[in-house]
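The following pair of complexes shares a single chain, chain A, combined with chain B in the former and chain C in the latter.
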Partner chain A sequence: MVTLAFFFLATAAMIGALAVVTARNLFYAALGLLVSLAAVAGIYITLDADFLALAQFLIYVGGIAVLIVFAVMMTAQINRASSSHRLWPLGLLTGAATLAGLAYIMMTTEWRSEGRGETISPMVGDASSAGIHLPDLLFSTYLLPFELAGLLLLVATIGALVIARER
Partner chain B sequence: MDTLALEHYLLLSAGLFAVGLVGVLAKRNVIVILMSIELMLNGVNVALVAFSRYSPVDELEGHIFAIFIITVAAAEVAIGLAILLTIFARRNTVDAAEINLLK
Partner chain C sequence: MIADLTREFLENYLSTGIVDILMPLLGLFIVVNILLGSAVMLTYAERRIVARMQNRIGPNRVGPFGLLQGVADLMKLVLKEDLTPRAADRLVFLIAPILFFAPAIALFAVVPFFDGWTVADLDAGIVYVIAVTSISSLAAFAAGWASNNKYSLYGAVRGVAQLVSYEVPLILAVTSVILLSGSLNLQEIVEAQGIPFVLVQPLGFLIMLIAVTAELNRTPFDINEAESEIVAGFHTEYTGTKFALIYGAEYVAALGWSAVIVTLFFAGWKPDLGGIIWFGIKTSAIIFLFFWFRGTWPRVRIDQMLALAWKLLFPLATINILVTAGEVLAMQALFSLEPGEALPVAALAIIAAINIGLTVAVLALLARVPGLAKFDQQLAAPAGAKV
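Let's turn to the complex of A and B:
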């Protein structure tokens, strides 16, 4: 069941990602991004990361993707916009080499994951692994980065307003 | 059916990252480049959460990292799109090859 869900979501995520890169129409690229981000939110659920799945959905799908769709509509160069430049085969080669290298490292590494991965089945997952520890960690050990993230968001908001202001 | 292993998630993560990398390197439209960066960040997030889930000890550090990555990505998109819209308003282009003021 979870395996089936994973393969479905992974396929959706990859199709969306490929649509971002290959779509001629910029709007379809944005929709592909939306599909990919939503599928990754589902992937988080298969990993017992319920809070992250919710955050992904609210921030990425609800915020970032909608912002990008707005930008697509406001710049309105949909037809000639999505072309690749002259050296695109080089980019493709770099991407393929990166994927091959990562896959090779992944396959040859001995992951010590068997202990926990198979005893706890995903979806059933105990509440403590997703719901209880995360805030404890966030508001104690990682309190300073948490506050800095808030400051970063404030600065980014003001910065975006100042940069995009009509002059 | 075969149970899910860490490798499945890592392969998905590597795939998303590689597709995003191709987008960043090969596309001309700045909006598509921004979207591809988001894809790469998402790929990394999948790997972090998968490592956290499959780690032998009960740790959630991977989730914490993923949350901060999402936060920084949100800030980055807001600033990036603001810069993009300003450039478009002034120079009427979103082509990375034509945005060469600093050359």
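Let's turn to the complex of A and C:
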């Protein structure tokens, strides 16, 4: 059942990803991205990582996809794809490098299968899931990255205000 | 129990493997059909209630008291010709109503109808609710964009701006409830409510109610389908079954969000009156509130609506979270609780007393703040006009 679900979701993610890069229509590309990201969230569910799946759905499908839709709204000629394809060797290089990196990680990671079927829930105050507490980790081990992300958002907000301000 | 009987009955005829796959599908079939039936009845209820408020009679011809009006309307819509504008984007035009309907139905997967009666008892139930409903902005935009009609696109653009803005105070209001209950599981949030959170968190409830009204595109926030300005907004070009799907999805979503509000603020199925009855009564009361809004308030303008979300609800909700967090920390020290442990009734009562006082003070102050009087004038005049 899980294997079947995996192949179904993986196929959906691949088709979505292909649509993103091949669709000439910007809105279709956005929809393809949506499908791909949602399918990845589904794969997280088959791996018993419910919270991660929901976070993926909330942030990527609900947030990033809506952001891209906003970008589409600002685009005047939506049906015409970008005419400059001169950067394709660089794109190919980046893609190949990413693929190599991912493949290396996949080959060298030691995959563990114990604990399958137990849902790990890094929830607020969930005493049953001893060990992993998202908030505790966020405010101790990963405090610096968390604060940096906050700073980045502040800079982005101020930048947006400066650009959008009425003169 | 009924599920077990059905399973036994089916296993007489089919192999166990097929029954395993069939049972969830059967459950889905039943739930979806109950929801669709409710949506049909809700259209009738809304028309009758709003008619009463406007001193009219409303539909009363089809069936006893006009009860079958919704069924007749649905039949009419399904039998109508299914038109797709020639300039429309056919694929997206077809997908959009489905994208609109799916999250409305999916919302019910985590709603705790009764002790243990949840389709999927997720640990992060409330995150699921917010995640799933965040698609609706995309669906509304897809519908408007695919129609290739200027009114549809205006409605869609307004809809996206509205949904994105009101999601912020909505999530912040929900966060204050999570702080109090110490859990993201809806069943546990219900159990944590020794006192209904509407008393402990009155400001949070008001913010949530306003944000949900906007999230549902209901009056006074239905500017993305304002018929006096942009025909019917994002669903101008939709006819027949597709229109029925969009129209029905709005009622199913209203039902779902009412159930979520009851779960978060009105102690869900507690106190136990047996089964789903108490939960149903509370949910109906919240839906009635939405109908009441429609019967009494005129539609706001787009700039007024965005100003309300960002200049009033967002700061209020943020302050509400800070106050609540402080209170929870104080109560944990006072009653010597572990972090994340549910607050006892006494602690909730103290917080309720403080918060009700604060909410009354805030509401009284808001009317008198000099800056807000100016804000009121700005609301009364168009955004660009000199006041």
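To be clear about the criterion, the second predicted complex is superposed on the first by the 107 of 167 C-alpha atoms of A that agree within 3 Å, B and C clash if a C-alpha of one lies under 4 Å from a C-alpha of the other, contacts with A are read in each partner's own complex, and residues count from 1 in each chain.
Everything below uses one rule, namely that a contact is a pair of C-beta atoms (placed from the backbone, for glycine too) under 8 Å apart; a residue touches a chain by one contact, two chains touch by 3 or more.
Bear in mind that the values here come from a model prediction, so they are computed numbers and not experimental data.
When the shared chain is aligned, chain B comes close enough to touch A:92, but chain C does not.
Judged by the touch definition given at the top, the superposed model places A:107 against chain B, while chain C stays out of reach.
Of the two partner chains placed by superposition, chain B and chain C are both touched by A:51.
Of the two partner chains placed by superposition, only chain C is touched by A:31; chain B is not. Of the two partner chains placed by superposition, A:143 touches none, neither chain B nor chain C. Once the two complexes are laid over each other on the shared chain, residue contacts for A:62 go to chain C alone; chain B is not touched. Of the two partners chain B and chain C, more chain A residues are in touch with B. When both complexes are aligned on chain A by C-alpha atoms, chain A residues 51, 55, 63, 70, 72 touch chain B in the first and chain C in the second.
Of all residues in chain C, only 89, 92, 95, 122-124, 127-128, 130-132, 134-135, 137-138, 141-142, 145, 157, 160, 164, 178, 182-185, 338-341 touch chain A in the complex they form. Interface residues of chain A, counted against chain B in their complex, comprise 2-4, 6, 10, 13-14, 17-18, 20-21, 26, 29-30, 33, 36-37, 40, 43-44, 46-49, 51-52, 55-56, 59-60, 63-64, 67-68, 70-72, 74-75, 77, 81-85, 87-88, 90-92, 94-96, 98-99, 102-103, 106-107, 111-113, 115-118, 122, 129, 133-134, 137-138, 142, 145, 149, 152-153, 155-157, 159-161, 163-164. Residues 1-12, 14-29, 31-32, 34-36, 38-39, 42, 45-46, 49-50, 52-56, 58, 60-61, 63-64, 66-68, 70-79, 81-86, 88, 93-97 of chain B are the ones touching chain A in the complex.
Considering their complex, residues 27-28, 31, 34, 50-51, 54-55, 57-58, 61-63, 65-66, 69-70, 72-73, 119, 121, 123-127 of chain A touch chain C.
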